[in-house]
Amino acid sequence: MNDLEFQPRQVARKSLGNLWKAIFIAATLLGVLSLATLLYTIVDETFGLVALEFTTPPEELALVPNKAIEDHTSVELAAVVRQALEDGVGTLTPGIVSNYETLQAKPLEQWPKADILDMIYTDILEIEVQETFGLVESLFQKDRITIAVAEEYPDATLIFRSWMSGDFLTGDQSSLVLNAGIRSAIFGTLWTIIIAILFAFPIGVGAAIYLQEYAGDTRLNRFIQTNIYNLAGVPSIIYGMLGLALFVRALEPLTSGEMFGGVDPVTANGRTILSAGLTLGILILPVIIINAQEAFKAIPNSLRYSAYGVGATRWQMIWHHLLPASFDRVLTGTVFAVSRAIGETAPVVVIGASTFLTLDPTGPFSKFTVLPMQIYTWTARPEAGFKNAAGAAILILLILLVALNLSAILYRNHLRKTKEASS
Amino acid sequence: MSLPAIHVQLRKKHRPLESVIHGFLFFCAGFSILITTGIILTLGFDALRFFTNDGADLWSFFTGTVWEPQIERFGILPLLNATLMTSLIAMLVAGPVGLAIGIYLAEYANRKTSGILKPILEILAGIPTVVYGYFAVTAVTPWLQATLGVDLVEFYNVFSAGLVMGILIIPLIASMAEDALAAVPRSLRQAGYAMGATKLEVSLQITLPAAASGIVAALVLGLSRAIGETMIVALAAGAGSKFTFNPFQGAETMTGHIVRISGGDISYQSVDYDSLFAIALLLFFITLTLNFFSRKIIEHFREVYE
Amino acid sequence: MNEAVIATEVALEVKNSDIFYGDFKAVLNLSMAYHHREITALIGPSGCGKSTLLRSLNRMNDLIPGTKITGEYLFQGKNIYDSDVDPVQVRRWIGMVFQKPNPFPKTIYENVAWGARINGYQGDLEELVVTSIQRVALWDEVKDKLHKPALALSGGQQQRLCIARTIAVKPEIVLMDEPTSALDPISTAKIEDLLDELKKTYTIIIVTHNMQQAGRVSDKAAFMLNGVLEEFGPTDQIFFNPKNPKTEAYISGRFG
């Protein structure tokens, strides 16, 4: 058709359309690529070659044959140390050992394994991580690395190391990166999260029930609702400051456990599991409320009416009908909030998570560290090896988060299936 | 004739359990107000204590260009400047990319593609921020130094932190933008197509302007997230305040400073300690204002289409 | 209306078309021709396929995933479903007015100017906007608020604006999908008057649920049932002397 009044420039418009479509796709791919690079970086750091230097080669130790040094028991390691003292291997002297034993107030044989291992690494082998290499480099450029290491650290040995290992997961904290473990951080994370859930779940669901099922359209209720939305957007570090001023300082007698006795009032302070748990609880409370409200909103009014229709009171309707019907959604919403709490770092740093713990947390009044805190301190350290350990800790944190979310999704699907089957 | 008598009790019944439950649930909801009050009181109280110190007054706090607690100089500008720089860089990344992803998801992607992309964005949004901080110092900073030169780029620098923070905020902006675009009635798109518009013309000239307020809300909320973000800047942007506009230098942000100082052994009776609360109070008000506006814009947006 | 069919030039012709939504067959083996500068009404009960057919006439169905269309749709001697045809250009020549008024959330002026602008209008845009609005008899009502939001207009005014917006790109054919079903009787009457005026310039195909409307405005009418074109002819014939018993049943209100 002849178009005199219009010049539709079809070709130009079409190619402009294609250009922009390509831009939109490129942006999307960029997002996907970022995630891929991030995961790649973590995995790359977690495994790879390590250039180690020691003054005494491990072969000179009287190790149990065919057993890696990390796999020895405390008693076996103590024997290794005693043998080394006898043979004069390394720079360790009997005097140093007895000094340490006095410090620990028990003989070498009864020390935690990690401490003996630390001593062997620092005082006998005098081991030092010189440089670490990424997984991809280690796999594809091993020759280049070998040459470079031989040139730069002539005395170094090159070994392939998985920074994530059983020992890493279950090991004590250690100032030696080769020997460091995250057991106490994992315990700390579990303790704080349990307290956060115990605190935030009942209050959060209660608040959601009130706002969704009881609250009329009054000024006060609208204010509460707005306030909750605003709280959900408050930066987490502000919650840390609240926790620091309120739980750590103002409520110290409570959060340190002094009120309940059983702790040394001199060393006790408010930087405990309880303070962290409550702070994280307050932090996720708005998220739990909003998610639970969404869950209740999704329940059709017909369910409520049918309960009222047979003479149920409001609470009977909620307890017997609304809560069971919305449980799956409330659950996934809560898991989402808890996942956030598990990864939170800033508030726990502000509250004063310990950077180094010799004991596992044993209760709400213990000092604590958590996984993200461990990742933060290791990432901030410049010495070789710590970033790799941080990578391994991140991998474990991410696995924990994925497992948590996955099991929530599977459980939800299971619930839905049984619900469908029974209806 | 009389009907057989039945016993019907219609009078109001006293139900103590119902009242107790109602009361408890109201307490739960009202608890959120306690939290807000707690935040304002604790931050306000210590901030007030800070401003009663010599060396610290409101004027020099807001106009001072030096933040050196050791010599009692408490000017917020270097910290605020670093916060704004990282946030601006983050928004320059997350704004266009997030918006483009939002448009792609809402206008172009078919069900299958968005079924793959959305979980990826959710994973990206669910990764703890400390991991992003780790990513900044182990991957992005070395890469920046390798491409732009070690002379130009310091190891701890504002640019790397801002860049990674941008990646962190992409999913937030993308999903909010997608929601806003998806809320634009389909009939508007159809009207555009029926007049011989191309997909791009409909997307950019009809749908996007119609969703403008929702998108502005997303950007405002993203900015608020960036300003309050802590771990990335704590790890990557550098320690020690510095009043600089060079993004390749290190400069401590408000949040970064709070984390570094409070993470150390700090006396509760010091001016340093109180100064953190003054910073936090300012941070609280900035983010609160941004969040408030973001919500207002969204509410207005809903009114247009409902 | 004329009793006899006057052979006019064909504006758009459908040949042997089936339309599917996924597995559902919405229109079956349909053939019909729409004549130049006539109003053709598509009538039939809900779900009979008339709206589906209408959306196929300018490839709006392309936007609904899972739609499949067979057969030929000849416009200006070209099948609009040929692979070398740009659906964007098809819609530029065959415009559409929708059931519910859907002005863009822009100003009144922009609503009318936008389509002409994207299609590269060479003339005086302002003049085009004014004449388009005048042609839909909306000028007196909006001349003082051309730069105010279109959403502030009443439903009837919005619908006339949507018609003005459609004719501003000077299409050949205008498709109307129940354009008055969301309007009050007065607004409906105004639009019906408008149709008489517009058919001097455009070929109009209108889907309507309103029998009286079809009788009042159309030159030809097509009755569809379950995706099948049951009867097609001059409106008077369809309404007063239907050949197909199903048409008669529908017209006399026995179903639908």
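Going by the order they are written in, the chains are A, B and C; count residues from 1 in each one.
Quick note on the criterion: a contact is a pair of C-beta atoms (placed from the backbone, for glycine too) under 8 Å apart; a residue touches a chain by one contact, two chains touch by 3 or more.
What you see is a predicted model, and the numbers here were worked out from it, not measured in a lab.
If you tally contacting C-beta pairs for each pair of chains, A-B comes out on top.
Among the chains present, the centre nearest to the common Cα mean is that of B.
Averaged C-alpha coordinates give centres for subunit A and subunit B that are 21 Å from one another.
The distance from the centre of subunit B to the centre of subunit C, with each centre set as the mean of the Cα atoms, comes to 48 Å. The distance from the centre of subunit A to the centre of subunit C, with each centre set as the mean of the Cα atoms, comes to 61 Å.
For subunit C, the set of residues that touch two or more other chains comprises 88-89, 92-93, 118-119, 169. In subunit A, the positions touching at least two other chains are 8, 13-14. Among the residues of subunit B, those in touch with two or more other chains are 196, 198, 201.
Across the interface of their complex, subunit A is touched by residues 76, 86, 88-89, 92-93, 116, 118-123, 169-170, 172 of subunit C. Every residue of subunit B that touches subunit C in the complex is listed here, in rising order: 110-111, 185, 187-198, 201, 205-206, 209-210, 304.
Interface residues of subunit B, counted against subunit A in their complex, comprise 15, 17-18, 21-22, 24-33, 35-36, 38-39, 42-43, 45-46, 96-97, 100-101, 103-105, 108-109, 117, 120-121, 123-124, 126-135, 137-139, 167, 170-171, 174, 196, 198-201, 204, 221, 224, 227-231, 234-235, 255, 258-259, 262-263, 268, 276-277, 280, 283-284, 287-288, 291-292, 294-295. Remark: subunit C residues 58, 60, 63, 65, 88-89, 91-93, 95-98, 100, 102-106, 114-115, 118-119, 151, 162, 165-166, 169, 175 touch subunit B in the complex.
Subunit A meets subunit B in the complex at residues 8, 13-14, 16-17, 20-21, 23-28, 30-32, 34-35, 37-38, 41-42, 45, 202-207, 209-211, 214-215, 221, 223-224, 226-231, 233-242, 244-246, 249-250, 282, 285-286, 289, 313-315, 339-340, 342-346, 349-350, 352, 355, 372, 375-376, 379-380, 387, 390-391, 394, 397-398, 401, 405.
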